[in-house]
Amino acid sequence: MSVVVDRDTRLCVSGITGREGSFHALNNRRYGTNVVAGVTPGKGGQDVEGIPVFNTFREAVAESAANTAMIFVPPPFAADSILEATDAGIATIIAITEGIPAHDELRVYTELRRAGGARLIGPNCPGVLSPGKANVGIIPADFFREGNVGVVSRSGTLTYQVGNELAQRGLGNSSIVGIGGDPVPGSSFVDIIALFEADPETELIVMSGEIGGQGEEEAADYIAANVSKPVVAYIAGFTAPPGKTMGHAGAIVSGTHGTAAAKAAALEAHGVRVGRTPTEVADIVASMLG
Amino acid sequence: MSVVVDRDTRLCVSGITGREGSFHALNNRRYGTNVVAGVTPGKGGQDVEGIPVFNTFREAVAESAANTAMIFVPPPFAADSILEATDAGIATIIAITEGIPAHDELRVYTELRRAGGARLIGPNCPGVLSPGKANVGIIPADFFREGNVGVVSRSGTLTYQVGNELAQRGLGNSSIVGIGGDPVPGSSFVDIIALFEADPETELIVMSGEIGGQGEEEAADYIAANVSKPVVAYIAGFTAPPGKTMGHAGAIVSGTHGTAAAKAAALEAHGVRVGRTPTEVADIVASMLG
Amino acid sequence: MDLLEYQGKQLLARHGIPVPRGKVAATIDEAAAAANEIGYACAVKAQVQIGGRGKLGGIKIAGDEAQAREHAGAILGMDIRGLTVHEVWIEGASEIASEYYASIVFDRSAKAALVMLSTRGGMDIEQVAEETPEAIATLHVDPLLGFQPFHGRRLAYEAGVDADVVRGVGAFLAALYATFVEEEAMLVEVNPLVVTPERALVALDAKVTLDDNALYRHPENAELRDLSAEDPQERMAKERHLTYVKLDGDIGILGNGAGLVMSTLDVVAQHGGAPANFLDAGGGAKAEAITAAVEVILSNPKVTAVLFNIFGGITRCDEVARGLIEAFEQIRPDVPFVVRLDGTNGSLGRELLEAAKLPNVHGASTMDEAAALVVELAK
Amino acid sequence: MDLLEYQGKQLLARHGIPVPRGKVAATIDEAAAAANEIGYACAVKAQVQIGGRGKLGGIKIAGDEAQAREHAGAILGMDIRGLTVHEVWIEGASEIASEYYASIVFDRSAKAALVMLSTRGGMDIEQVAEETPEAIATLHVDPLLGFQPFHGRRLAYEAGVDADVVRGVGAFLAALYATFVEEEAMLVEVNPLVVTPERALVALDAKVTLDDNALYRHPENAELRDLSAEDPQERMAKERHLTYVKLDGDIGILGNGAGLVMSTLDVVAQHGGAPANFLDAGGGAKAEAITAAVEVILSNPKVTAVLFNIFGGITRCDEVARGLIEAFEQIRPDVPFVVRLDGTNGSLGRELLEAAKLPNVHGASTMDEAAALVVELAK
């Protein structure tokens, strides 16, 4: 088992004819992901190394039975592409695009939460990797092996760092889920932790947070009330000054809100072990599963 | 039993300090309806013959535990008042106001249908009367007696006509529900027929329709699939010319759509008896219950 | 409220939709001046709120001023299905590569705007819908989310528009939706939507129906109401704030409540009569409203008998009786009246009427009886 | 992007919100001319993107031209918490009956706009929130439904504004919400929102933060960016499209990915070091980007050592190595570098660096080891 993507994933890539879109679509296919279609308006009828391209998601779903979308179009078109995918009946949407306006994200989030909307991962995220099953996005799969640690993270490279350290200790992952660094992530820590809790393959959950927002604090409450599996956390940004956006649009300490110290304290108050460095996180995980 | 309003109704009247609002609020109270509050912005702290007036629905609900709203404000303010009532947690909203812009009604309808919204009856309706229990609106209660015929109607006076003829034959009503004559009624025939079907006191359902829209046709399908109780119908407007609005904003035959003949045929095809005059309807009901 | 073609086009143009350049004219001289200004060839188009005027001779192409004068002379004053043409619209003739169809209607069943697009423009869309429904792409728009760019692409590809105008058609539909919502329309229809040889999109016709209930928010639209095109009785009723619809028969009808009036028309027809009008005196009508209503009904010269069918709820029968008595004093009608008063204060109303001994006024105790009697008296 | 007070006010004014009349001035002469035009008494206000400037001497009232000159002279060039004042805003002094507070923030937890209203204006709202949270009325707005009239009434009554301005406050909040949505702001704050003795509402201050990601849709706002107020290194980084935040320490930091860079800063701090900056080279950074990043880092004269912490995913370590080699050729840095290259093409990158034999460049195999070493070298 795994979460979000697996061997049943039938992927349709929005923006597949772009340079980045085609590169990662083919990379994902090489890993074993079932990439069944792409969407680029005006390029319907073409193909990208055998992957058929459609003008609309409706056509793509009708012709290829796609159930998952990866969004790779530039920011001005990304919100529309997400809405198009859910309108076409896609159940899981993974949005890689960075730089989507926050108000667009708000509208999309609200619309998807109406009855029947798709599960959105991202935007501004590295995607989801279920080692040995499917990779959707830009996570370099080589650093991860199959296993029973579920990872959910706001940061891409930090995830690779943690995953790599786990792999060096002989540990692998059920799934790696990048929820992204934007102000309005489609899925929160809570959403993904709930999936890992229900996933029989996952034995331990690693969550990698950072400054800004309340997602880590909400996760702490949720874990205390609903999660039976051990959770190990990491928080980046202890030294970030207030009022400055640290790379991710969502990573900003506002006044006294959203500090790394407050997040770590909230998690530890609910019995979650917090590693001070990625290495320490890997050490804790190894000791708990060892 | 009865539907929509009964002895548990705690009514808050929006627009209670207006001439019409206060007249009907007091009339409803005289009938026995528990009128607990009124709302008029800027007149909070006043009272209308002992009924306390509040500035907002939130205050009214907090102070009086109102669970039902009657909307009596002029059309430019009615949609806002309905949204305010649902935002304040009111579960049932009965909108008497005539002349609300259709796009306002569309927005309100869509918003209320999101999870958790209130049940809206109307707008442009005479209200709901559950004889012997509660009267909310402008239905003249004298013509109706307690009984087991549920009536749902798009027209006010036509309802009085039918109710009066039933009373003359010794028959009474569980509830009389006026769903109103506007293009986007908050509750449809189907919604109210479903309530009557579930109401143990109701033994027979009378639906009084008219030209325009597809509500009667949808009811015909619903009745065939879901309703065990006998239904007798009346349709007004057999002689209405196409393209003309017959008084009610919603009563218009567009091309070949929405004709009375088509509606009557749809109902009869599903085993619903259709009376050709209000008198014939009363005769059919009397013979079925006799 | 239905707009004339040129009013609809001006509305669309306000929202950035391209329409042909044109001018309105009410006389032959005005039409000739307009045509000279627009240039030739130009179209001379009858401005009536009715479809199919082209087939009935209401649209003609003029190649020079003489023809413009000739066509304007033929069209102005023309009767098109009962409506007199008071104005023509002169516009430059468009070059046409393709004719599409686009519309948005307020779909009551779905509770949403319904957008329709077809490449079979220039035809009656109901005919297209019957013969080749697959030639029409349709989509409902959630009123809170609104029209999204992907909606435009979906419709354009599903309708099969030419590949080079997909983007343009999407933008056109977005502007049409903005018009629909911002002007609070019940219908906006462009048929044909023309693709020119230069691959531009132009709205060659426009049919717009606005929501009467929303006109108070659009004072500039409320002023467009073309009273000259309306029936004189309907205009008179509107000025008196009465809900009146003129019909073809000879029996004047007054009732209270739209449903009851419709029902009254039906029952009269069942008895072999032909109603002259629909008139809803409304809830709680006072005596003055009744008096005004009698005036409106009798201003139609075809009326040979009048039926009052009142079931009082908020409306009080004594007020109705007083209004009728007042009307008789003012107007002294020479046609018979049948009056059925029931409901609130019914007996009081009947007593008042009886005491007034109005000439040729007959009481009736039920709707059926009243209908039978008025049909008899109207003969 | 934070706007200066006067830019924020101009933005609000575009949406119909009343603001005092004013003019911006960059010199004493301009300030005097502006003050003469506005009239006396007028306020001379430092334009810096920071709160509390009043207490720090950044706002003064001038009764005549001499005072206007004196105040402008004192304020222009002043340093307010590290920011130099380049402009003053001269505006007519307002008469004040009451001071309210109004704001809308993009609430990430609730995923909705959060509207706040309080009658305790003119104070730091965080202090009000701590001392008397019940004095602040709050409300979340659904982004699809939008701000409704009843929202305004609810907030006005809950906050307890004066009865005669309930309607005005509602309209003000509606206009503030329109500004927030249409300009795609993350924050709009008016503190104080003044009620004048004539019972008019005026925005006496304005704090507006716009969404950088949405500026492409608002070219007129994008032009407002006040580059002169930004740190020179940050400006240089922006021109090179690098994500750079200047910090107080002496260890330059470069990494790939925001999370990894934040983590690197933390680890360096744990080892007792003080980072000089945050710099995310981004995903898939090419050699030129690395070279540019080195330039930016070294343009900060406080930097005494630099740490490269790269965990390659899309970013290839050989590209990073090439960029660093190129940077050394161009700039010849005189501070030590610690370089940790891991992930995609890690061994290739390390080999390239080794072969280049760059002076004073030290390899490290883990993030921890790298941090410890750079802290040591920076001393």
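Every chain is named by a letter (A, B, C and D) in the order it is written, and numbering of its residues begins at 1.
By definition in this document, a residue touches a chain if its C-beta (ideal position, glycine included) is under 8 Å from a C-beta of that chain, and two chains touch if they have at least 3 such contacts.
The shown structure was predicted, so the numbers you read here are calculated from the model rather than taken from an experiment.
Chains touching chain A and chain B alike, please list them.
C, D
Which chain pair shares more contacting C-beta pairs: A-D, or A-C?
A-D
So the centre of each chain is just the mean of its C-alpha atoms; given that, what is the distance between chain B and chain C in Å?
28
Measuring from the mean C-alpha position of chain B to the mean C-alpha position of chain D, what distance in angstrom results?
Whole-Å distance between the two chain centres: 55.
Out of chain D, which residues touch more than one other chain, so two or more?
Only 144-145 qualify.
Of all the residues in chain A, which ones touch at least 2 other chains?
Residue numbers touching two or more other chains: 107, 111.
Under the definition above, what is the set of chain B residues touching chain C in their complex?
For this pair, the touching residues of chain B are 75-76, 99-104, 106-107, 109-111, 126, 138-140, 142-143, 153-161, 164, 181, 183-184, 208, 210-215, 218, 234, 236-241, 244-251, 255, 260, 276-279.
Taking the complex as given, what residues does chain D use to touch chain B?
Going through chain D, the ones touching chain B are 145, 148-150, 153-154, 157-158, 163, 166.
Can you name the residues of chain B that touch chain D in the complex?
Residues 41-42, 44, 55-59, 77, 80-81, 83-84, 87, 107, 111 of chain B touch chain D in their complex.
Which positions of chain D touch chain A when the two form their complex?
On the chain D side, the touching residues are 106, 108-109, 111-113, 126, 142-144, 181, 184, 186, 211-214, 216-217, 243, 245, 247, 255-263, 265-267, 269-270, 275, 278, 280, 283, 311-314, 342-344, 366-368.
Provide the residue numbers of chain D that touch chain C in the complex, in ascending order.
The contact residues of chain D facing chain C are 144-145.
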